[in-house]
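Going in written order, the chains are labelled A, B, C and D, and every chain counts its residues from 1.
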Amino acid sequence: MSSMFFQCLQAMLMLLMAPVLAGFLSTLKARLQNRHGAGILQPWRDIRKLFGKEVVLAEHASWIFRFTPYIVFTATAMAASVVPALLLDTPLSLTADVIALVALLGLARFFLALAGMDIGTAFGGMGASREMTFAALAEPAMLMSVFVLAIGAHSTNLTTMISHTLTTPLLIQPSIAFALVAMLMVAIAEAGRIPIDNPTTHLELTMIHEAMLLEYSGRHLALMEWASMVKLLLFSTLIIDLFIPWGISVESSFIGVLLAFVIWLLKLIVLLVALAVLETSLAKLRLFEVPQYLGTAFVLAFLGLILHYMLEVGA
Amino acid sequence: MNFFLATLLTPLIGGVLLAMIRNPKLAAKLNVLTSCVTFTFSLLLAFTVLGKDSIHAMNDWFYLDAYNVFLVSLTAFVGMTTTIFSKPYMQHELEIGRVNERRIRLYHSMYQLFQFGMLLGFTTNNIGVLWVSLELATLATVLLVSLYRTPAAIAAAWKYFILCGMGIALALFGTILVFFTSSMVLGHGNEALTWSLLHANASDLDPAVMGIAFCFLMVGYGTKVGLVPMHAWLPDAHGEGPTPVSAVLSGLLLNLALYALVRFKMLVDGSTNTDMAGHIMMGFGMISLLVAAMSLHKQTDIKRMFSFSSIEHMALMTFAFGLGTPLAAFAALLHMTVHSLVKSGIFFTVGHAAQMMGTQKMSDIRGLIYHYPGIGWGLLIGTAAIAGFPPFGVFMSEFLLFTATIESYPWLAAPLLLGLLIGMAGLFRFVQPMVYGEPPEHAKDVRVNMIPVYVHFGLALLLGLAIPAFLSDWYHQAASLIVGGGA
Amino acid sequence: MSSMMAQQIIDGLAALTLLISFALLAQHRMLSVLHWFAAQGLLLAITAAVVAYSSGEHELYISAIMTLLLKGLLLPWMLWRVIRELHVHREVEPLLNSGVTMVIAVAVTLFSFHVIQPIQVTADLVTHNSMAIATACVLLSMLMMITRKKAITQVIGFLAVENSLFFAAIGATNGMPLVVEIGIAFDVLIAALIFGLFFFQIRDTFDSMEIDTMNASLVHKDDDE
Amino acid sequence: MMQSLALSVALLACGSVIMAAIVAPMLQHQQNIQRALLCGLLGLTGLLACAAGFSGLMNDGGNIILPLGLPWLPMHLRVDMLGAFFLLVIGVLVFPVAIYSYGYLKHEQRLTPLAIFLPLFVLGMMGVVLADDAFSFMIFWELMSVSSYFLVTHEHQYIENRKAGFIYLLMAHMAGLLIMGSFATIYASTGSFEFAAMRDAEIAPLWASVAFLLAGFGFGTKAGVVPMHGWLPDAHPVAPSNVSALMSGIMLKVAIFGFIRITWDLMGSGDFQWWWGALVLAAGSSSAISGVLMALQQHDLKRLLAYHSIENIGIILIALGLAMLLAEAEYPTLAALGLIAALYHTINHALFKGLLFMGAGAVLHSTGSRNMEAMGGLIHRMPWTAALFLVACISISALPPFNGFVSEWLIFQTALMAPQLDGTLLTAMVPFSAAMLALAGALAATCFVKVFGVVFLGHARSACAAEAKEVDVWMKLGMAIPALCCLLLGVLPALFIPLLDRVPYTLLGTSLLSTLASGSGSAGQTSTALSWLWLTPIGAAHASYSAPIILLGMLVLGGLVFWWLHPKGIVIRRSKMWSCGNPHTHARMQYNATSFSQPLRRIFWDVYQPEEHEHAERRQHKLLTTRVRYVVHVSDMAVKHLYQPIGRFTLWIAKALRHEHQRDIHAYLAYTFATILFLLAAFT
């Protein structure tokens, strides 16, 4: 029963921590850019404020538009809750393996894109078109890099994969290095960060994700924003789980989980700092350079897979 | 009563009578009646042979075995349905002035004469008489082809006459060569030309002479079969003659020529004990198939097009007989039957369609289904049947043929397949626009008798779904006879 | 007459027949073609009579008489009528240069002998020779049909083929059975009648006896051309 | 001869459909009765086929010999596991399509041709599945092809329909001949047309390969595998939509069935050679990718769906290819998994593609157009159709909790669990095919966002879309049934897979569940009592997926959030759209199908080689543009570089031959002369 408790705790944590970490990231970036920044809790304040605001819908928004925020949020939250962040073996982690996880995010994106097209603005369609196009390229790359590990572990269950990494002796595996690079590249793209997309800008012809949210307001917008923050956290945690899982609690004891939490937080901070540095130092890519970027990620991941077969299994 | 004589004399007497009757309507009725009587006699004839291996009649002059019994009935049957079809058809031609009453008289008389020639050819046991009857049938059809007396009809008949005359002369030379060697074995008399005796003594015949003879016979009768490259007369004769004549040319006359060729092949096989004859036939079959199938793609005249389809199918049968396995021979015999039925049925439909649209030019024939659904669907279904789609019998025979090919010469299956495919594409390329879409302004209503068409297609369908046991037995016997050679 | 002598006579007749075939091929004038054709018919009748005499097959006398009447007299006469009626006795250019034609003809004759060679084993020399000559004649007559433009010369070529066949039948096999013989003769007669019929129709329809003009009516033009 | 319930029911189904083909055409003058009879009997057939399929899968099938065909080759019919499964696939789509047709055909003027050929078409498909000898198989196979040809050309007044029908018939005939060749090759080694004898016989490896290739190309043509797919995108759109649903939903599957029948059943996995699976895998991957890439560039709704059929056939083939590779490498359990994945995707695709075509038909019925650029905003006019169509869109995009995801998940599992195979090429191919599958799946999602977004969302782009009406209850019902099945198969795969598991048992001699039961049995914490909840094909430790829990979790969570956030009793304010402060936009300024796919067109420029034409009308000065016209056309590479050259070549030969047929008589005499000389020279 305690595992059930920790499961709930972990899921809540993922949801609640997401805005905090998003705030941390933007503050960090502000500092790096010699600004003061709005503070770590600013995203939480935004969300709370938006929850209180009135929703205004466009005249002929259909039910798709109204339900999408809930579907997007739920699917993202569902995905987040199956990723082991603190505890290795949680009950829910069996309900969806890593493929199902990707598919859940895909479901969220599917509805997001539909909502973008529902109102019939030029921007919405544009955002949907670009989001789906780039996702179509990113998704295989991500699956490929996950597969490198999955094949090694003979499993697509995150729990099994993590424990496989934990139990095997630490060796330098070129395939995993390739997979890691690919995964990082994809994660940046999927989370809509620079150099692919810029979440802090609106009204640019280069925007992708935000273009679909233009018509949202009030609690709908809040859910959407929240979901995208959860997604960032989800990807970070996934990278941690797959590549540097050491420190995760194997048994469901309170101490162990607490320790795991601290380690997880530390690892997250490292990742986010790296991201902040990256975002500050890089300019956004031109839109049609994105496919090349994603293509590179895909090729890297695929090379990792081949290397895995050639060098590591055969040897 | 001797049904041989009855079957043969009925069309002969009918032909003489019809030459004297001036009233076209009465003549048409008598024509139908004569054919019906002929058919009845042929059925009785077939019935007498049922259950026996073969019967000989009148001093071995006539002969009926499993190989020709169904061909006799088939000939009489298609001959009968064609007269039924031709009644309204020729009436219409008379009304629009394409023929006059004298020509109609010629038509009816020659038609029966042609029937006589055909039946004589199928029943005779004498290879000399076989040649004579084929020549007779040819001469009769030459007159029929030129019936309209248009420049094109005259030219086509001339071409037909010269090319087939030439071919049939070569066949006669082949026959003389056979006689040359057989007279040394069987004596200098009619016996040396009697097929059943020749077949029984085939191993004594000089293989060298028989080889040369077969070359001449192949080219000679092959011309009549319509094998490439001796086929040039065929499309013109089909295209320019009256449609009933096209129907019987395709459905019957070509069969007789091929029948004769196969009879000789049995003798040659028995004499030489090699596959030489078979290989020659396969070669002709394959080349003809491919050329005919390719030629289908560039046609303007509807009857010419279907005549190329006839070449294609005769080529298939030639190829199948050449293969020389029981399965292939079975397939060829079945194919002969269904091709006759379906192709003549198609020509009936085409005839009505051409009358409706007032032209044989395919680009002017449109929207048959709208204009007269029976004809449109008839043409479409008939084309599908002839192209080898089930559940029609053509499919069954092509299936068996294909299997037989893969069994004995697998690499030949590829060109065979290609030929069938190209042929089918060629047919549908032109048939589709004709049956579908909107009819042109000039379409008119004509008297149509679709019953023969339905009967033909119905029989082809029946043969595709379930072949009656007696027919299958005949095919089997005939196949083993054909394959067995001199044994 | 000994059989030896009969054989020699038949051999000689065979050589003559071959000669006439060459002559037919070489001739350009319509009337002389006709003359040679009649001569061929006559020769056939003589051959038949000689064979009948030497072999004792009396049926062959009937054949000989039929041949004389039909091929020596009736058909040439009919053709002559046609030529006169249609005014086609002008000289005609053959499709092929006559020198080339002759070279081909010689080659074809040699080829026939070559082809008939294997038969020698079973048959005696005479029939072998006449068979080879008959084959050559058939092929030469075909060559004549191929190289001549006019419809009438084609028909003469066709009838010459028939003659060669007849020669093969009597020269090599001592004649076919009578029934068949009569049947064949009957067919040839009908064919000739039909030919005659056609000549007039062709003239009426085409105003010319040239084959090329006839062919034009069979050319089907495409819509897209 | 062994009678059984399944066989009797299957024969009843055939009887019912034959009855429809005979009786319905006779009622030409009472259109309503004719339609009711046709659809009623078809529906009955569907139900019976379902029942036969189920009972065949549950119990043993039977066989029967009918006195049709050749006397020495009577018609053998048999229900086995494989056949029963495909009977189920047929039935499960025929039934809703029959209901749908009752509404769809209401205004059909020429019902009689449909009343003949629709039942014959269904009969052909069922016959193929039931056939137990090569000859009956071919008869039914061609019956299916021909009758569907007549259905494709049903609206023959349009020239494009005739062209589509022609190319369809041609390719179908080619397929038929190739399949015939395959059977004939097996026959040559066995001497019998009966499947029972073919199963037992040994075939030399060379001939087995020939038979495999012939079958592969034959069935591949019919299934629409690239590059033999040329007929498919033309034929499916022009057929009446209920027919398109059947063609795309089942007919392509029957081709897959035939392929499995010949390779797995008649030749058997013992005969497999390593390159067979590789070839199938390669064909599947290329079909999946090219299908979806071409689909993305279409703006004809049904044509787009047709290209997606090519993609999904590719996916099925990927699974089959994996299974063949694994079976050849002697991993029967994994091979069984691959086969199950293929079969699962087969029934899934039948359901959602049938639903999509029915939805497209409903749209066509209401707007009179297949052109997506003329639609928009239909979700307001046709809410039911939109919702059901959305279900199919999600399913085909392989998103949870619907069925498409389950089968793709199974395929991924097969690919990932595959051990190292012999040879680098094979080793690289397996993950590569998985990558292609991932790419295809993601692109499919893109494509269906485009479809649903352009057709149902936004503003109406034309008057016909603005005045569209919801379809009647029959059509809605017809669409609702497969939608429900999509959900059920998506949520409860664990209930369905044991049923499917019997198919590999008969083909491979092993099945997934039996191996698991006899093996380690380490089902982890999931007890057998809860097995319906979890999908754990190889073992819970390796991979698991629980659709019910995910669905439940999402419903609970979503409900909670909604309940928590949704203010009670307050009507949401509606206003003009914001559109970045410029609400006065025209409907034509929306993203449409062409613009939606513009980024992909640009990314895959070299693959598409689109033809672009830009035309601007200007008034005096080049800056005073009054009208701009942009046309882009993406043509199918296979058609452009394969089909058209072949067609041109054939015509070229035909033309040359026609000249040969117009020479004068001397030439022909010369031919005869030369022929006789040649024969004499060559053969004596």
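Just so it is clear, a contact is a pair of C-beta atoms (placed from the backbone, for glycine too) under 8 Å apart; a residue touches a chain by one contact, two chains touch by 3 or more.
All values reported here derive from a predicted model rather than from experimental measurement.
Common neighbours of chain B and chain D under the contact definition above: C.
Across every pairing of chains, the maximum count of C-beta contacts belongs to A-D. Measuring from the average of all protein CA coordinates, the nearest chain centre is that of D. Set against the C-alpha centre of chain D, every other chain centre is closer than that of C. Chain C and chain D have Cα centroids lying 68 Å from one another.
Each chain gets a centre from the mean of its Cα atoms; for chain B and chain C, those two points are 30 Å apart. Per-chain CA centroids place chain A at a distance of 98 Å from chain C.
Averaging C-alpha coordinates per chain places the centre of chain A 77 Å away from that of chain B. Among all residues of chain A, none touch two or more other chains. Of all residues in chain C, those that touch two or more other chains are 115, 118, 142, 145, 154, 214-215, 218, 220.
Multi-chain contact residues of chain D, defined as those touching 2 or more other chains: 663, 665, 669, 672, 676, 680, 684.
By the contact rule set out at the top, the touching chain pairs are A-D, B-C, B-D, C-D. Residue ranges of chain A in contact with chain D, taken from their complex: 51, 54-64, 66, 70-71, 73-75, 77-78, 81, 92, 94-97, 99-100, 103-104, 106-107, 109-110, 113-114, 116-126, 128-130, 132-133, 135-140, 143-144, 147, 150-151, 154-157, 160, 203, 214-215, 219, 223, 287-288, 291, 298, 302, 305-306, 309-310, 313-314. The touching residues of chain B, when paired with chain C in their complex, are 126, 128-129, 131-132, 135-136, 139, 142-143, 146, 149-152, 154-159, 161-162, 165-166, 169-170, 172-173, 176-177, 179-181, 183-184, 188-190, 192-193, 206, 208-209, 212, 236, 240, 298-301, 304, 363. Against chain B, in their complex, chain D makes its touches with residues 67-72, 135, 138-139, 142-143, 145-146, 153, 156-157, 159, 162, 165-166, 169-170, 173-174, 177-178, 180-181, 183-185, 187-188, 210, 650-651, 653-655, 657-658, 661, 663, 665, 667-669, 671-672, 674-676, 679-680, 683-684.
Across the interface of their complex, chain D is touched by residues 95, 108, 111, 115, 118, 139, 142-143, 145-147, 149, 154, 211-212, 214-215, 218-220 of chain C. Across the interface of their complex, chain C is touched by residues 662-666, 669-670, 672-673, 676-677, 680-681, 684 of chain D.
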